[in-house]
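Okay, so subunit A shows up in both of these, paired with subunit B first and subunit C after.
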Partner chain A sequence: MTDTAPAAADTTSPTRTHRFTRSLKRYPIVQAAALVVVFLIGVLTLDGFGTGRSITNILITASFLGIAAAGQTLVALVGGIDMSIGAVISASAILTSYLYGGLGWPDVAVFSFVLVFALLLGAANGYIGQRFGANPLIVTLGSGFVAVGLAQVISGGGSDSVKAPEWLGMLSRPVSTTFGLPVPPIVVIWIALIVIVMVMLTSTPFGKRIYATGASANAARLALISVRWVWVLVFGLSSVLAAFAGILLAGFAGSGNTTLGDPYLFLGLAAVIVGGTTLDGRGDYLRTALAALLLVVVQTILVGFGFTNADRQIIFGLLLLVAVAGYIRQPRLRDLI
Partner chain B sequence: MNPGGAPILLSCTEIAKSFGPTRALVEASLEVRGGEVHAILGENGSGKSTLVKIVAQMQRPDSGALVVTPRGRSLGPAHRTVATVFQEVLVVTGQSIVENVWLGADGVFGSPLPRRAKRRAAAEILHRLCGRELDLDAPVARLSLSDQQACCIARALVREPDLLVLDEATSALDLQTRDRFFDLLRELRADGMGTVFISHRMDELLGLSDRITVMKAGRTIATVDRLQATADTLVRLMTGGTRDERTADRKPPAIAGRPVLRADDLRLTRSSAPIDLALHAGEIVGVAGLEGHGQERLLLALWGEGAQSGSVTRLDGTKRVDRLRSPRQAARSGVAYVPRDRRKASIFAPLSIVENFAVTTLRADTRLGLISPKRRARRFRGFQERLAIRLGRQEDAITTLSGGNQQKAILARWLATEPEVLLLNDPTRGIDHGAKNDIYDLLRGLAAEGAAIAMLSSELEEHLTVMDRVIVMRENSVFAEFSGDSLTRENLVSAFFGVGEEVPA
Partner chain C sequence: MTGFRAALVRRPYLIAVVLAAILLAVNVVAMPSAAASYWPGLIANLAPLAFVAIASTPSVLGGGIDLSIGPQVVLSNIVIVMVLLPAGIDSPWAVIPIVLALGILIGTINGVLVALLRFPAMIATLCVMFVLIGIAQRLAPQPAGGSTPWIEFLTSRAGLFPIAALVIAVPFAVWLVLRRTSFVRNLLAAGGDPIAATSAGVPVSAVRLLSYTLGGLFASIGGLMLTSLLRSADASQASTLVLIGLAAVALGGTAFTGGRGGLLGSLAGALCIFLIQNLLTALSVPAVWINVIYGLLLVGSVVLSASLLSQKNVRQPV
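Coming up: the complex of A and B.
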């Protein structure tokens, strides 16, 4: 008698605050608002911040970061972590410039080799992590070293003189245009990637299986989802996307080296966390993409203010802590709705 | 021995304990004297485990009084007033036998007893229990399960407790060890130790105990002297003394159709007896027993998972016959399994109601690789009406639903696979009365359409009112089967406790 009354009240007509917190959960409103606010701060305090040139530079940097963080988002959604992303970016960049500039392979052969190399490595990460219950943190850390090592062995120690294809660099040149639009192709590529990943997550069976696996691997197994396949494919995709970022970065930097990808691992993780994707199957790639933009804008403003690299790291670390503290409260918020 | 004159070791009065909305103990009183073995008897959910945990001082009662009076004697250095042995064999596998026996006895810096005294005490008790010398320094993992449990019993006994609590502690022991343990227990009883004893074996209870307290629905309803008790009187007490009270409007037992699922020589564990059974089209079969006797294992084995040996065969009416080797294959040939624990094994909290529904049948909504939300909504709406699922919007989070409606959505998930055999693991556990009745109606309807249903339930009432036939599980095998007039409360509970069981050779 008394226990049915409150339950009935809960299901009827959600109040305005209820509806607001619910949409907060569904859409990255906080991240979008923060981006706008931080951008306005930049425009108001720094000369030349709002110019087209500055915005183009921000978009290019964010594109690299966003593409590098796409795989990490998927891996986080199934409850894993991929520490090999930085290494795979470096290895791909080394291989791209060596196979093209050093051995003179045609572009298509170079890209196919690099992407298949990454796919096998990532699939192995997922298989080992799922089949043997090994912690993906350690598995991917190990396979990352293997990837960079292999790339060095193949390229014979890696020399800086070998070059990536010229046209690859054009994709991310600030002066480049795409079909007449005044943005470099890499930005368009990133936007396309956002659309593709979001459609995959929201509207395909594979996307639903990713969320189900992350929410409860046990329940997913009992609902006849092959958790092993999901892990193999997601970790495989993560490496392929990292390799894609590595190829683009080789073009941007002209060649590869063993530490080229390192910043993207940690900034990419930061983008996933600030975006609000959790390890239990909540979140999506649009959130990560907005957070990548946010991080790059903050970074740019801090540089503009003349902070040293060390200062910027301190401020970044504090911002991350604030963001994480905010999300830890989320489960309780969730229970209230 | 005269228990009336012996000192009272333990007295519980009017103990109550709730877990959230569940009232595990309503009013439980228990008195244990020195020099007696006091058995506690009750069926699933009667509250006996909760009472034992309170007596063992692992849980605090919400209200009521618990008084433990140690025997007035000089206490040894390792003495403990209450010691408990559980059904689970709790050994630390990385350590030696003697370390396991004295586990937890040492302080951070000191030990209550010198090393040599510890070894002597452990060796003495283990020799009594196992009937042979054990190498005290050997790793405990090398022992058989029965001998490992003997180490757990020894761990309790070396502390020389005033009160020994045995929570199904004998089920892991082999027969010889059990008999040796009971002999030792009788000696300790003569020395004045009190014992609280839970067992699922009626023969053990009647053979060992001096007094028996019967529990029902969170209350201790009677304490009887062993000399005045028989298996029949105890069963009548547990079931409330009422005669057969199956509802009159119960449909006549279904005329069994053709067999659709058959198990041959199925062994659920390495040591359990083999099972042969068949499920027929149009019948609802109850799977009953005291908790932990292999009911869930049986359902999973019928779904192609976890059987030690034997086979499960799906017969689909045409000439096709499938040997089930995996859940995936079982599902493909029309066998569905709905797990017990909704939160951990069924629902996906981040997904919406309709997404939770569609997760096993994603292909049905997919056109050109993309899910059509319209098609999905239309498919779900049919089940929503049939199962009377009450929801706001299909896109709301599954967690916004009540337990009953969540369970209905999960049932819909599996009905969408159009199963001919439904294996349900306690589907009405923890849901409200109305939703329960909706689910009963649904199951009856499905059976009438020709589905075969096997349903595990921890509620006696459900076995009496919903099932056409009930099989009672004991020790991972089928113990008895009841239908028609033999399907009564008394028969079920007697079978739960193995009344009439031959002592296995």
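Coming up: the complex of A and C.
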């Protein structure tokens, strides 16, 4: 059961005619092609778009979005949704700046505290959602309020004056290098995360359990998978990854506030969906990562064309609809009967 | 207990109604000195949230979701303040039809995207949300004031009677009329099991499309109430309203899997959230604690309603 569930989409007979459509389902070819096309449009229409500096900036922004959307991808694969990601990012950024800048804790203690805080919160999301059959949309919405609230309580309200560690900011500065490579460390961290998550999903028992749970929780239960543990771990991981993004973002922004993470909730959701990971258990993280890159390139081009923030939102919404129209539309109901 | 549970399964909104009643009682006890004139104002303040919750409900009943309700409410507020009033259009006979038509238009666009073009509801309404927030920011780059007497009248009171209660009654009147047709039954069938409903000849796509239209209509009335209350236009509240509206729907016992629930529950859910906020403020709970308590109550009540309503927990092995 665990072996067949993730491969369910690929068990059609491997004739040549089917091979191309099969690989379209299996690999994010559409997303990769769209990324190349959009990037070329940028290079051809905007001066300086293809330069190293501009590419570095795109990669940094995409890294934040990609790391923030990693947890949402895993949660979507088990058939849930995590609306607390934005709040956890904000809470972690507030806590990081306050504990380090306000209380003078050492770096390691700060990070341990923030990550454990997020792990407990996320694990609670997964447990409550699975144990009580409560809708994860609302549970995570509520726990998001709790996360931001607790961060505010701990930091005593205002946290604008306290600063996150200096070196944390260096991780995401365009001029930074990694062991001689001309990219800032955050990009390397993101690439490492992509590799780790992909290996986890495709080659470990835990990955198989995630896909099995998403395909059918009942079938997974019959295969002796503890669906509850899968939910607890996946939601826990989702919050930890969001907290990790929040820590990095605190370094990038210098400090945290209650709305810092908000854009990442909806953009992260968009990245998961554009990547083609459905909310019923098909997809993977590479797809989300490519989509995150695609979204950031589109945004960057729109900025380059001189659109205001408001116009960018309008065009972005319309483009998103057109972009996903090819592969996300659902079957006709009368075809399902 | 089983009788109580059976009652809840038939009427999931009872949890929210009971909770709202308790909260109201606690509110009264906490503020014994509040003048009688305080309470009508409370209903006026509740109105925008109530409309966000009510407008979010039809699409959820049909098995979908509308993330763009908050931005729709804010956009109709902004269109009134930044477009209609400056253009000299301030008669209720002109403003109300224009705003309602705009709401119906946006709702129908959502409906067409979801029901006819078959986009997943979450992504279609997310994109519409981006577009609407963009338009709202374009029309009102910064908060600006603007109002007319008749709009302010909507949140005023006649004697001790709050006019807002009448306006909140409008969607319920519409709903009551619709219940006399096959629409509501078909919508619940489409939400509960779309495939079975299609087999049974229910026009699933049509009722789903209309559920978004209805949401748009209710959201536009919410925009009128928001304008009346704020007397200004402010684009910054859109995404907060999305989340709070959905929370109210969930509290009201409407199932996000579709097919079960109603407008009354959403109103009660909105009332709960509003009374919690009101109570925390009245008890001068430090502002930083409000989010924590609010979140815990939200999680607690969903867990409560889920475990009371679900037979699954009783039957299923761990």
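As a convention for this text, the second predicted complex is superposed on the first by the 306 of 337 C-alpha atoms of A that agree within 3 Å, B and C clash if a C-alpha of one lies under 4 Å from a C-alpha of the other, contacts with A are read in each partner's own complex, and residues count from 1 in each chain.
Following the convention adopted for this analysis, a residue touches a chain if its C-beta (ideal position, glycine included) is under 8 Å from a C-beta of that chain, and two chains touch if they have at least 3 such contacts.
Small disclaimer: the values here were computed from a predicted structure and weren't measured.
Once chain A of both complexes is superposed, is A:139 in touch with subunit B (first), subunit C (second), both, or neither?
Only subunit C; A:139 stays clear of subunit B.
Taking the superposition on A as described, I'd like to know which of subunit B and subunit C A:112 touches: first, second, both or neither.
neither
Who touches more of subunit A, subunit B or subunit C?
Touching more of subunit A: C.
With both complexes superposed on chain A, which partner does A:324 reach: first (subunit B), second (subunit C), both or neither?
second
May I ask you to decide whether A:153 touches subunit B, subunit C, both, or neither, giving the answer as first, second, both or neither?
A:153 sits against subunit C, while subunit B stays out of touch.
After superposition on the shared chain, which partner residues are touched by A:273: those of subunit B (first), subunit C (second), both, or neither?
The answer is second: A:273 touches subunit C but not subunit B.
Scan A:177 for contacts with subunit B and subunit C and give back first, second, both or neither.
neither
Check subunit A for residues that touch subunit B in one structure and subunit C in the other, and list them.
Dual-contact residues (subunit A): 334, 337.
Which residues of subunit B touch subunit A once you look at their complex with the stated criterion?
21, 327-328, 331, 337, 339, 344-351, 355, 358-360, 362-363, 366, 369-371, 390, 392, 397, 399-400, 402, 413, 432
Okay, in this complex, where on subunit A does subunit C touch?
Touch list, subunit A to subunit C: 83, 128, 132-135, 137-139, 141-150, 152-153, 156-157, 228, 262, 266, 269-270, 273, 278-279, 308-318, 320-321, 324-325, 328-334, 336-337.
If we count contacts the way the header does, which residues on subunit A are in touch with subunit B in the complex?
Going by the criterion above, the answer is residues 3-4, 7, 10-11, 199, 203-205, 208-209, 211-212, 214-216, 218-220, 222-225, 280-282, 334, 337.
Within their complex, state which residues of subunit C touch subunit A.
Residues 113, 117-120, 122-124, 126-131, 133-138, 141, 194-195, 198-199, 204-205, 239, 243, 246-247, 250, 255-256, 287-299, 302-303, 306-307, 310, 312-313, 318.
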